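One chain, chain A, appears in both complexes that follow, with chain B as partner in the first and chain C in the second.
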Partner chain A sequence: MKNRWFWSRLFSSIGVLAAVLVLNFILFRIMPGDAVSTIIDPNFSPEAKDRLRELYGLDKPLLEQFFIYIKQMLTFSFGLSFLSRKPVWDEILSRLPGTLFLMATSMFLSSALGIWLGIKAALNRGKLAERIVLRAGAVTASFPGFFVQLVLIMLLARTFPIFPLRGSVSIPQPTGALSVTLDYLWHMALPILSLTLMGFGGWALYVRNLMVKVLGEDFVLMARARGLSENRVVYGHAFRTILPPILTILLMSVPGLVSGAVITESVFSLHGVGTFLLEAVSGHDYPSAGAAFYMLALITVISNLLADVVYGLVDPRVRVGGRDQ
Partner chain B sequence: MRDILKRKSVILLICIFLAGFLSPMLIAGHPSDVVGAPFARPLWWNAKLPLSSEYEVGNSAVEIKWDKLPPEIFAINGRITADPEKEVRIIWSTPQGEQVLDILRGSDVYWINMDGRDMIFKQKLGLPLIGKSAEHLFPSGGRYSLRTERAKETELSLSLSGGREGLLGTDQRGRDVLTLLIFGIRTSLIVGISATLIASLLGLGLGLATGYIGGWFDALVMRIVDVFLSIPTLPIMMVLAGLWGKGLWQMVLILSIFSWMGTARSVRALVLTVRESPWVEGLRVLGAKRGYILWRHLVPEAAPILLANIALGVPGAILAEAGLAFLGLSDPRLISWGRMLHEAHSFGAFTEGAWWLLIPPGLGIVALCLIFMDIGRYLEEKIDPRLGTGKNA
Partner chain C sequence: MSQMQKNFIRLFCILPCFFLSTVLHSTPASAGEKFDPEKVYGPRIEKLCMVIITNADSQVLAAEKGELDIVSDITRPSDIDRLSRDPGLSMSLARGFHAFFLLLNNKSRPWDDPEVRHAAAEAIDRNNMVRTIYSGYCEPINSWLPPVSPWSLPESTKNIHDKGSARKRLSAKGYKWSITGGLIYPDGTPMDKMKLLTPLARVAPTTAELAEQIADSLRSVGFPVDVEPMDFSAMIGKLDRKEYSLGVIAWSMGKNPDSLYSFYHSSMDMPGGYNMTSIHDPDLDDALLRLRYAKNRADAETASKRSQLLLAQLMPSIPVYSRFSVSAVSKKWKNVFSNEKMTADNMWTLIMAEPVDGKERPLNMLLAEEPRNLNPFVASSAYSWQILGLIYESLIGTDPFTLEDMPSLAESWSVESVTNDGKEHTRLTFRLRKGLKWSDGSPLTASDVKATFDFLKKNSIPRFFDSVKNIRSVRVTNSTQLTVDMEGTSYWYLDNIGGLPCMPAKVLQKVKDWQNWNPIDPNGKFGPYGLVGAGPFMLDEYRPGEFVMMKRNEHYRMLEKKNVRTE
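Up next is the complex of A and B:
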């Protein structure tokens, strides 16, 4: 039965991915003219235009283009960038680790901090600490991320130059594995800090609400009556039951996380897929833009799938197939 | 519902509306007019910084008493008529001594167009090419004067652009930030509200249709909703903005395509419950047509949800618009808060430490979002008093 859950989630992910593929294909072909008409000079001779169309396979019938495109997307051969004339995949590959690192660390830190604060708030109901956490959460969540980041740069990189203004590495780049790592972390500190700062509030509010409800349930009373330690009651019993909804939120937050990473990379000029997408979009570099969008969507789909699998592991009811009914 | 006008956020919103749509008519200049030096501080920021000033230089010298920091821009414009045989000098005298700004000969009329920022100007005076020439022209506090020698007639104007300008300073092009801020209100409101309206109507239509018709249509639309909710929207909006162009209405369209899902879901859920209720069944038995039931009974039923959804959806649209504009994916001629932040970020606000370019548009976005969220919450409480604290119910 466990397999059935997994397979159904896998199929749904594949469905989303297929939709993304179709969307990506349509997007770049429904604009006025075609991809070539924007990169080539109108003064080009008709032969030159035709040759360019042939080069990018735009002379073939749409259906054939579609199959070629699907094959390209599945094998990650995205062709050459219009701007740099280098293979798009190489560019993306060099930028992917940065984006994934930014997303993963900020997601981990903001959810960990938010969950911890949320539990603390639930345990201190009606006290000042709870009110501070809730208020702080509401305030940070209502600020546009890039604005907070700009202010943080102004404060912590300009007025008090603790962190670098921009970029993923110092120029010139330091030598030695340790100093390269430290340099990278130093550059990533402010982006990660800001994403954590903006992300934890929502988590804290959500976890606090769940926790308040659970703490009022009979089994918690029972656990307390059995004389278990407070930690055991809170983390071993109450928290375990709210893990599945937390994972659901985690799953739902991934698309927003990707969007946040894109804008954060642009604010800090980080070397990542998001800045690549922005450069491609502003430079009318369609192969790169399509590939970058596809990769970001792929990240979302894969992390959703991962979260689903973890969900299955955490919630036995799902594993046994109860969710299908 | 009548006490909605007593809600502070509603009053604020009305004020912002008036400011956004009326004051552009009252402000005389255009927002892209250059009013002062680039990156001039707000008026109230530092009294040591000079204000902008202008002096007319006639045939006699003009005296200037200076007790502040050097100005940002030192510019002389005008006309000098003279005898072609004679050498005309423009002389700037400082407490430290005199400086010849220019020597003119061989003509009877000279058109003067001097700017302290020009390389030629700096070269002539032997000043360092990088850096502000005004700092060398105003070495200290004291008496300064500008005069011409051996000219027949002098009609010059000396303009000293100060380091302080307007209530919120100026941006990298010398435009007034307060004017830009006020003109930005309109963009945020138009984009935010119209995108949400379109999205809500789309969501209402699809929600009604899926809920009432059901079947394969319902399944299809709900799958589309799932897909839209599980792909990151910002990247796809960036791609669309790049492909469709960056105009105001393209932006509205792009935003509304990606924000109808929530409304569709909640309207569909409502329709599903109402559809099976006895009174709708009764209507059906009485022979009411599907369209009649939808329009006369289900739409009014869904209207309150829609209203709250619109109010709660506007902040999202405003934020998304600001985000796209911040990434530079908006019409450069269109003044918006996101665009202001974009320009601040790309054109050296950090090296100048120009916080006044960041804080006003950023706080504007936050304030507008908070106002709409408050109104949305108020409407929600009105619809479902259980949600409320009891205060407004």
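Up next is the complex of A and C:
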């Protein structure tokens, strides 16, 4: 039975991927214009434009373009970017480490801080601590990202020049592995801080609400009646109960690690996947945009599958339910 | 409105421009100082660092913080004002090649009548737009070439705003106004609502605002115009298919007038062509054809003048403004050059600049976008060419004071019309300077230049396609002289060919696949590693997203003049 469940999930995931592949192709083609039509340069004649279209393969019939595209996606050979004329795969790979570090670190910090504050707020209902967490959470989650980031830059990079304004390395770059690492961390501190500040509020509010509900359950009363320590009651029983939805949200955020923070990368002039995606879509760079969205869809589908599996691991009721079926 | 009131308003509009021009020009270290380009030596700096900062706010902050020595192309009036107040920075302002037009679909009613187009042109209050939207950092124009072009007519900035005259023109053509003020065609039918296409405000906020003001101006004389913001690509598609009535667009134009052919000749009214107004006029076609295929300078001047006068008569599109280029330079540098035609971020500054304190350090210059590709055959962005333009030199350069042609790799040249096989064609003869060297120290000869032209032509490389497609043959006379025969005759062949970047023959021979060649990949299989040119700088290091470090080309032709000067 379990096998059947797994295979059905797998096939539906493949179906989703196939749909994404087709939509990826169609949506970009029905968008008005292409990478060549937006060139407005009197020194670039219609004849030269045709030559460029030929080089990009845009002169071929749509069906032929579709088969070439499908072959490229299935073989993970995404072709050359229209904009940079470099292999798309190399472009993505060169930007991925920076984006992953930025997003994974800030996601870890914001979720850890948010979960901790959410629990504290739930344990201090009606007190000042809860009010502070609720207000701070609401404020940080509602401010526009670019505004918070620009204020932080003004404050911590210009008025009090503690952090650098831009990029991920100093000019000239320091020598030595340790110096290079410290320099990188120094550059990434402000973007990570800004994302953490903007992200923890949502987590704090969500976890606080879950915990408030769970702390009122009979099994928590029972645990306390058994004389268990408060930490054991809170983290060993109550928190464990709310882990499945938290893990689901965490896993569902994984595609965001790759797609990156477009605004953050743009504000801090970081070389990341987010800005790559933005440039690809706005520049009608079909190979780059197609590859990036395909990768995102792939990661989303895998994360979904993982979320299902992990849900079962942390919540025995799900496994029992699965067996009953 | 009385004439006195009008004059007062004009004065009110023009004064800020004069003020800006005076203030922004008075500050640079050596702004506008006359020098002999042939006697300049440099680069005097060892390293030039192009710092990649894509966010406009961060660019300003970096300049204020002293992390940038040169900030180019500052467009937001608030940024210009802010940097102008910084005591550590000098600002420079120059007329630019950017021009903004209101396109009219000459095939559709009512724009199929030149008198109506003139009425619309007179209704638009350009001075007010320049003042309210751009705080005076651009100039109103009435010309189809930017005023900075040496080919532009003297009356290119004449103010033609006159609503009374616009109404008179319309009245004379039989137009009437309804009770609500809307125009009624001479045949009695009310004018239908027209859409003015503009890019979305979130993408191009100033253009969207400008479109609103143009619509207001047109409505004030009865044209029922509403603004329709849309995605830029969608807008271009509609303009290309002529599915529009009015649209706003900015064009970056060259110094030469032959681009007018692309924009207004009837043969360019085709899919992908630039005659988006669909103007078809036999006289204009004739003038533009003569301009494009002028045999010599005198013919070109006559045809250019005639074409511009005809455009002023026909008014196929309405010129609105030309934006000034504004740049900021740190006062820690001396020998910074700028004038009314070039802001301080020009090549002459990069060649002559020296630190005021005499301590050698890299000059940090802003690069506002990622260059993405440094393969000269496929690099298409202005930011890639901001770097490649310092690595490669062409046969002919641009005089910093007149913008006319001046010697670069070629010390002299001649243009003549010759007849072969009963057909007349242009022959260009270039004589190279003696003792030229590539950045790797090897000699630069006429054979290298021939190899470049042959390579570009053989591969039909899109970026250079229009420049080389008419090359008939290239002959090397001796190591410093070559002759290029072109198909047909055109005075502009000189700039087309003379402006091509020259590359060493030995490098071109090793390029196996020009499309995939990555010159900064040491393990690249499609061509050699490194970029060898004859420009003032060489590529030292490129860190994507961070910076492009350039180092001085120790074999640069102007560097050798230092020894001459010392002697």
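Following the convention adopted for this analysis, the second predicted complex is superposed on the first by the 229 of 325 C-alpha atoms of A that agree within 3 Å, B and C clash if a C-alpha of one lies under 4 Å from a C-alpha of the other, contacts with A are read in each partner's own complex, and residues count from 1 in each chain.
In this text, contacts are C-beta pairs under 8 Å (C-beta built on N, C-alpha and C of every residue); 3 or more make two chains touch, one makes a residue touch a chain.
Quantities reported herein were computed from a predicted structural model and do not represent experimental measurements.
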| item | value |
| --- | --- |
| First (chain B), second (chain C), both or neither touched by A:Ala289 | first |
| Contacts of A:Leu23 with chain B and chain C, given as first, second, both or neither | first |
| Which superposed partner A:Asn231 touches (first chain B, second chain C, both, neither) | neither |
| Touched partner set for A:Pro144, first chain B, second chain C, both or neither | first |
| Touched partner set for A:Gly256, first chain B, second chain C, both or neither | first |
| Contacts of A:Val267 with chain B and chain C, given as first, second, both or neither | both |
| Partner chain in contact with A:Leu165 - chain B first, chain C second, else both or neither | both |
| First, second, both or neither for A:Ser94, with chain B first and chain C second | second |
| Chain B versus chain C as contact partner of A:Met154, first or second or both or neither | both |
| Shared chain A surface residues [contacts with chain B and with chain C] | 31, 150, 153-154, 157-158, 165, 266-267, 284 |
| Interfacial residue positions of chain C with respect to chain A in the complex | 49, 51-55, 57-58, 61-62, 64-65, 67, 231-234, 236-237, 240, 249, 251-254, 259, 262-263, 268, 270-274, 362, 364, 370, 372-373, 375, 378, 380-381, 460, 462-463, 465-467, 469, 515-516, 518, 543-547 |
| Contact footprint of chain A on chain B as seen in their complex | 223-224, 226-227, 229-236, 238-244, 315, 319, 322-323, 326-329, 341, 344-345, 349-350, 353, 355, 358-359, 362, 365-366, 369-370, 373 |
| Residues on chain A engaged by chain B in the complex (per definition of touch) | 12, 15-16, 19-20, 23, 27-28, 31, 142-144, 146-147, 150-151, 153-154, 157-159, 165, 252, 254-259, 262-263, 266-267, 274, 277-278, 280-282, 284, 289-290, 292-293, 296-297, 300-301, 304 |
| Interface residues, chain A side, partner chain C - complex | 31-33, 36-38, 40-52, 55, 80, 83-86, 94-95, 98, 150, 153-154, 157-158, 161, 165-169, 171-173, 266-272, 275, 284 |
